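Going in written order, the chains are labelled A, B, C and D, and every chain counts its residues from 1.
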Amino acid sequence: MTPVALILLIPAIAAALLAAIPGTRLAARVNVLAAGATFLAALALLTGPRPAPGALFLVDDLNIVFIVLNTLVGFTAASFSASYIGHEVAAGRLTPVTLRFYHAMYQVMMFGMNAALLTDNIGLMWVSVELATLSTVLMVGLYRTPEALEAAWKYFILGSVGIALALFGTILVYMAAQPVLGEGTPAMVWSNLLPHAAAFDPGLLNLAFIFLLLGYGTKVGLAPLHAWLPDAHAEGPTPISAVLSGLLLNVALYAVLRFKMLMAANPATLPPGPLMAAMGLASLLFAGLMLYRRRDIKRLFAYSSIEHMGIITFAFGMGGGLANFAGLLHMAMHSLTKSAIFFSVGHVTQARGSQRIADIRGLSVSHPRLAVALALGVLAIAGLPPFGVFLSEFLLVTSTFARAPALALVLAAGLLLAFGALILRLTGILFGDPPPETAPVRASTLPIWLHMGLVLAAGIHLPAEIVAWFQAAARLLG
Amino acid sequence: MATLPIDIAHLLAGGLVLMSFLMIYQDRLSALLDVFTAHAVVLAASVAWQAHLQGDTFHLYLTALIALAFKGAVIPMALARIVRRLGIHREVETVVGTVPTMLAGIGLAALSIVLMMRLTAGADPLAREDLAFALTVVLLGLLMMVTRRNAVSQVVGFMSLENGLILAAAGARGMPLVVEIAVAFSILIAFIVIGVFLFRIRERFDTVDLAALDEVRGDRA
Amino acid sequence: MPPVDAAALIAGALLALGPAALAFGGPARGAIHAAATLLCLLAAGTGGAALLTGTTTTLTLPIGLPWLGARLALDPLAAVFVLLLGLGGAAASLSSIGYYRHDPAPLRSLPFQPPFLGAMLAVLLAADAFSFLMAWEVMSLLSWALVMVDHRDAATRQAGFVYLVMAAFGTLALLLAFGLMAGPAGGYGFDAIRALPPAPLTVAAILGLMLLGAGSKAGLVPLHVWLPLAHPAAPSPVSALMSGVMTKVAVYAFLRVAFDLMPPAPWWAGSAVIVLGAGSAVLGILLAVVEADMKRALACSTIENIGVIFAATGLALAFRSGGMPALAALALSAALFHALNHMAMKSLLFLGAGAVLHATGTRMLDRMGGLIHRMPATAALMLLGVTAIAALPPLNGFASEWLVFQAVLASPALPQSALQMLVPAAGGLLALAAALAAAAFVRLYGVAFLGRPRTPEAAAAPEADRATLAAMGALALLCLGAGLLPGLVLDLIAPAARQLTGAALPAQAHQPWLTLIPVSAARGTYNGLLVGLFVALSAGLAAGVIHRTASRRLRRAPAWDCGFPQSLPDSQYGAGSFAQPIRRVLGRTLLNARETVHMPPPGDPSAARLTVTAADPAWAALYAPLGRGVNATAAYANRFQALSIRRYLSLVFGSLVLLLLGLALWG
Amino acid sequence: MGLILSLLVQGVQMALVVALAPVLTGVVRKVKARLTRRRGAPVLQPWRDILKLLRKEAIVADSASWVFRAAPYVIFAATWVAAALVPTFATNLQFSWSADLIAIVALLGLARFALALAGMDVGTAFGGLGASREMLFATVAEPAMLLITFTLALAAGSSQLSTIAGAMAGPEMGLRVSLGMALVALTLVALAENGRIPVDNPATHLELTMVHEAMVLEYSGRHLAMIELAASLKLLLSLSLIGCVFFPWGIAAPGDGVTTHLTAAALYLAKIALGGTALAIFETAVAKMRVFRVPDFLGIALMLGLLGTLLLFVSRGL
């Protein structure tokens, strides 16, 4: 059985299985197992020979990056949720029934995302993204509190509109391709589209890209389409917040990138780069400002995700070898770091029984180990060395300043803005006298250390293979 | 001689646009639902005609059928029940007055026509004008969603938007997956309707209880 | 083993001491600080050796920027600062052995202090933009962790926040500067940057960004505001490191770019640096004069000395752009020499301040007094330190300031008449700063160590621990040696001057009586050795003769005090009262100093109160508005947090229509 | 022979300044007395006082530390070395190259530093008061002094006093407005440095006005003697500085014969006597000013110094 099939089948089967398993413990274990197996399959795909691009599936340097990242974080998040969810059940916030649903949905979501990444058909891509979105909507509403339902509802409505826009864009792309590639499936197969893109009707492509950017951009969380993101992160179970930030945003961004490549392949179209760069900068600045007034720790990091998605979109919008490399690297680093942060945040909120930053002061006194974990994550995401985010921001800022000084200045200002807010909050969280009542943390912090270790290693020494691999992907992006 | 089928297609598509305008014009929910039913019927007709034009495309007929059955019958009834439950069938729920909304709608229609005419000079006329109408319907649906306060009317707006998508998909010759898409959207809308059922406490999307959010999130300081 | 390898190894070992500290924990603190001391001494030796040989050795490690690797190099310029770092770091680490003896939470400082040294060393060794900035930022990060040691104090948290944000600001400025230097192709290696010199205006822009980046770390006005907050907040050995060494690393960064990587800049760039430096000198020392907190006063005086160094650097830039390598070498040697001297003096003073803080439990000058009776050794060493930093002969502070003035006196050689007039005026500002420094340190020493104790704690203060005293003694010897034999130090740093300017001062070691002759004997000479000798001899002579021939009788009696002795120690002049005249004369305009008297109404027996306010002008002019602006904008943006779904949909709809319109217009 | 002679000259000068300083003080006092129609103490009275003080026992406050006892000798030594480095009647003394004008100013600064610390050591209100005011004056006087130094050094192309004196005596210097400014500024600074009227009154013990006296209030016996001697030395130094820089006529250069040196010495004595008399007349003519007006007074010197430096570049072309 080919790795591709495995990557898709394992989550599908696991989802069905988990829907049937009543036992919480067992379900969690199966969940971890399935995610781990999927990750192994992805590794096999990475190392082994790649299948030739067909009507259904496509594996190239670009999406292999996303897939490996996706399955890895999916695995660690699953193992984190195994320890996290147990506490939630003990605390009575979740019932075994909801939990069964949760685990099943987790695998459905993984299936949707993997399919969206692997498929060669833009229609299927759209369907899979919608599937992943709907499954996360259900998980965001898991707690059934008014706020959770509120957040899920908001996410659902905005997501649906986004989906609709994306679909319209997809139809337009098909209409642009259909005269050239003839009717039927071939005109929707990515690997057919790209080589013939130059012959497509540029006007239709332009129109299509606008709808696609807004449609998928809603899922990426670009301002001003970001509204669903903070609430969804804040009200859902923490593992889902981690997966949302670490994975779903990337998947949506991946879709945008695919179509950007299509646009770039047609010289007659308007260049998509400036639009993406502008939206990226807007998101960066807006999120940077929003970070200042946050009192809810999960919402704080949700906005930081918007900020970093902005940076990444900006990087890809700038284009060029260095910027694309920086964008890919930043995306990978952000996924690892942000999910690690959400893991620690999960433990912290369980230890303090509150998501309010005001209640989480003095962490370095009450939970030194956890404080170190959180601090490392925040410092890393703030762009401080020796972590990988620093490398990507270094490349992005320097290369941009040499090409477009004005943009680089805005970028730097946004980075500084966000940095100040994060450090302000971090100082409040780590230091000072802790509140009297704090619970010890039993859950394992292993996934956090794993992620931070990877980020640290990437910051200090990026192996030549990975560099070559990313550079190849960057070249694909043009 | 060959122009007649195309003219009919245009007639149907244009009818869809007309229906959309009528929906924007309607300010009573019950009437709105009726117009929407008509909207769905016209869509079904136009899709069926497209199927006829493009030849033996079974799945387009299927799509038309789904549209007719689901959006022409099931959903409107469900919504009508909700409206009766909530006793809001005669409520006027527009944010901005009907006339400015109409004007905005006309502007949007003009915008989409201009876009199509200017951009897609190359594409074949049938697809092209169909697309113009479809885009208009989509935009009008969005316009309705943002100018109506009432959840039901927003659901209706979303569905009319989606009708526009189906129209576009059907207009695209030999577009695969149209059925899947139609099904997917039907599921989506079913979700929304269920949502409206679940949250009948708040019959609008609009009543986000800010105070409640504050005490939980405290993010609006 | 080539010097650079040795230095890299030392840096690695210092960095590795952090994990070791985590592994062995608090009990091993003594051993770890001892190890750090040894490593720093080794580093100093390496730097010295590299200077004596005058060679440049390079090394490339397979880490850092993927396709470049971490380039390391140890050339004379780096060697000077490696030497500086080694000496300062050794002293601080040595005193740490004693300072942290009774530290309740050693793991808040122990894992960060040796790596902090290692990071600074790495900055000096880095020879490509990425490794440089990486080491630079790690240095900031670790020093931030050290600043936050005393995190329960809200002021410390504030200081740490301001510090880290300013550090990030500086790093971003450096990022942009290196972006300009590297160019679109991304030639991040220093050799690549040297290979393609940019246009003069670009050079000026790069220097401006470097002033922002390095200046914010060095404490150049107006980027200095974090410094009086952060340096004192840290444990005293760390304060010594931050003031004595880290600011010099920032100076190094500026020198590296301005002289090594860049071609000569336009002359007005140099004049800007001169003005900034002179201004920093005056404002910084004025802040020190009115500061009531001992360690903060020391930190403010750091701003002054950094100003002196930058003024000299600016002179060197001006001479360089004027094509006068010899004079550029003179100014640059003055800057380097003063950097070395300030490291010794300021570390000495901060270690002493740490001892005082331990002994009295306070940093407030007005809660000290008479410490010279309780801590004689500390007091003696501190006296030497304040004399040196007040730029008085025959100590090292004066030697380097004298050299700076010699460079100022060479200004007529400059082609631009604007500079000809600017430079002596700047020299006047430096002289004012020197005079103010004397006042500031008479005040600091007189209030803290002399007179009568003002509190029971001060009256019962114990002498400093042996390790700290040893470290202070070593630094005091450095001050004395560099003051008496400045020629030897200048010969030592001559290779660096030659590397950066193409010329160097004439070799001083061969001059008769080791006289300091910067340009020519007719131009101006100074002989610290003879002056010191003369003063010592004539003082000893006078004392001896008098004690032998006249009288040696001595009687202890209560102070006369014009016949009205005051028993209250509060009747002494304190920190505030001593500063009052200068505060009134200079502070009213520069610090917006105000005095308000609250008189109780007639019949009210309560005491009248005098409140004095003096504020750093930079806060009011720059930082407060900035903070307010950010807050206001954030508050405005926050409205978007809780809109209704329909409004969010309108946002999406709006952007869609907007883009479609754009497409219809331009498509 | 040359070396011996120059060594001799150096020795003579060092002895001379110490011997002469109290006499100069005596002269000034005498002239002032005569101007106010008093007979006044004999010219050698200061010497008598000093010797008497030297023989008395020293009384030291209980709270005083070793700084208090060491300071007088440091003050005296620093002042003496500074005075010995100023050419009085002969330039290019044996050790004149060991310090230039900047260093001489700094040596005076060292003396002031020690005096201020000594004033604070006992821990009385007056000591601190004197110290803080002294440092205030210094903050304005020292920059002024250095700017004057700049003016002279830039004009003469050297900060070395002997060279400056030579250049000033030379023909090409001529009369310059900036030099005039420097002279005025130097005079003002000298008045302040020596604590003369109108800045400070060496004869007062009125609490609110004294500066120098407030610092040395606790001193007695040999310590006081050292300080008095240092003060007189400082006055002499200032006068001979003005003399050698602005009226450098007849100063013996190295290699000149003994006779030249003798005439130069005589000329020097005349200059000093003249200066002392001028000082006395001035002090009798003006009144002491409030402490907080002194900075304005010295600010004038500062401005003049700066103007002199800048005008130098203007007038260089002329």
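Criterion: a residue touches a chain if its C-beta (ideal position, glycine included) is under 8 Å from a C-beta of that chain, and two chains touch if they have at least 3 such contacts.
The structure displayed is predicted, hence computed values, not measured ones.
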Could you compare the number of C-beta pairs in contact for B-C with that for A-B and name the larger? A-B
Taking each chain's centre as the mean of its CA atoms, how far is subunit B from subunit C in angstrom? 69
Starting from the mean Cα coordinates of subunit A and subunit B, work out the distance between those two points in Å. 31
Quick one: subunit A and subunit C, Cα centre-to-centre, how many Å? 44
Quick one: subunit A and subunit D, Cα centre-to-centre, how many Å? 78
Note the residues in subunit B that touch 2 or more other chains, in rising order. 115, 118-119, 142, 145, 205, 208, 213, 219-221
Multi-chain contacts only, two chains or more: what residues does subunit C have there? 638, 641, 643, 645, 649, 652, 656, 660, 663, 667
In subunit A, the residues touching two or more other chains are 153, 157, 161, 203, 206-207, 293
Could you list each pair of chains that touch one another? A-B, A-C, B-C, C-D
Touching subunit A in the complex, subunit C uses residues 62-67, 107, 129-130, 133-134, 137-138, 141, 148, 151-152, 154, 157, 160-161, 164-165, 168-169, 172, 175-176, 178-180, 182-184, 186, 188, 630-631, 633-635, 637-638, 640-641, 643, 645, 648-649, 651-652, 654-656, 659-660, 663, 666-667
Show me the residue ranges of subunit A that touch subunit C in the complex, using the header's touch definition. 153-154, 157-158, 161-162, 165, 203, 206-207, 210-211, 214, 218, 224-225, 227-228, 230, 270, 275, 286, 289-290, 292-293, 322, 364, 368, 379, 382-386, 390-391, 394-395, 397-403, 408-409, 412, 415-417, 419-420, 423-424, 427-428, 430-433, 459-462, 464, 467
Subunit A residues touching subunit B - in the complex, by the definition given at the top: 123-124, 127, 130, 134, 146-147, 149-150, 153, 156-157, 160-161, 163-164, 167-168, 171-172, 174-176, 178-179, 182-185, 187-188, 201, 203-204, 206-207, 234, 293-296, 299, 356
Residues of subunit D that touch subunit C when the two form their complex: 54-67, 69, 73-74, 76-78, 80-81, 84, 95, 97-100, 102-103, 106-107, 109-110, 112-113, 116-117, 120-129, 131-133, 135-136, 138-143, 146-147, 150, 153-154, 157-160, 163, 205, 207, 217-218, 221-222, 225-226, 291-292, 295, 302, 305-306, 309-310, 313, 316
Interface with subunit B, subunit C side, in the complex: residues 638, 641-646, 649-650, 652-653, 656-657, 660-661, 663-664, 667
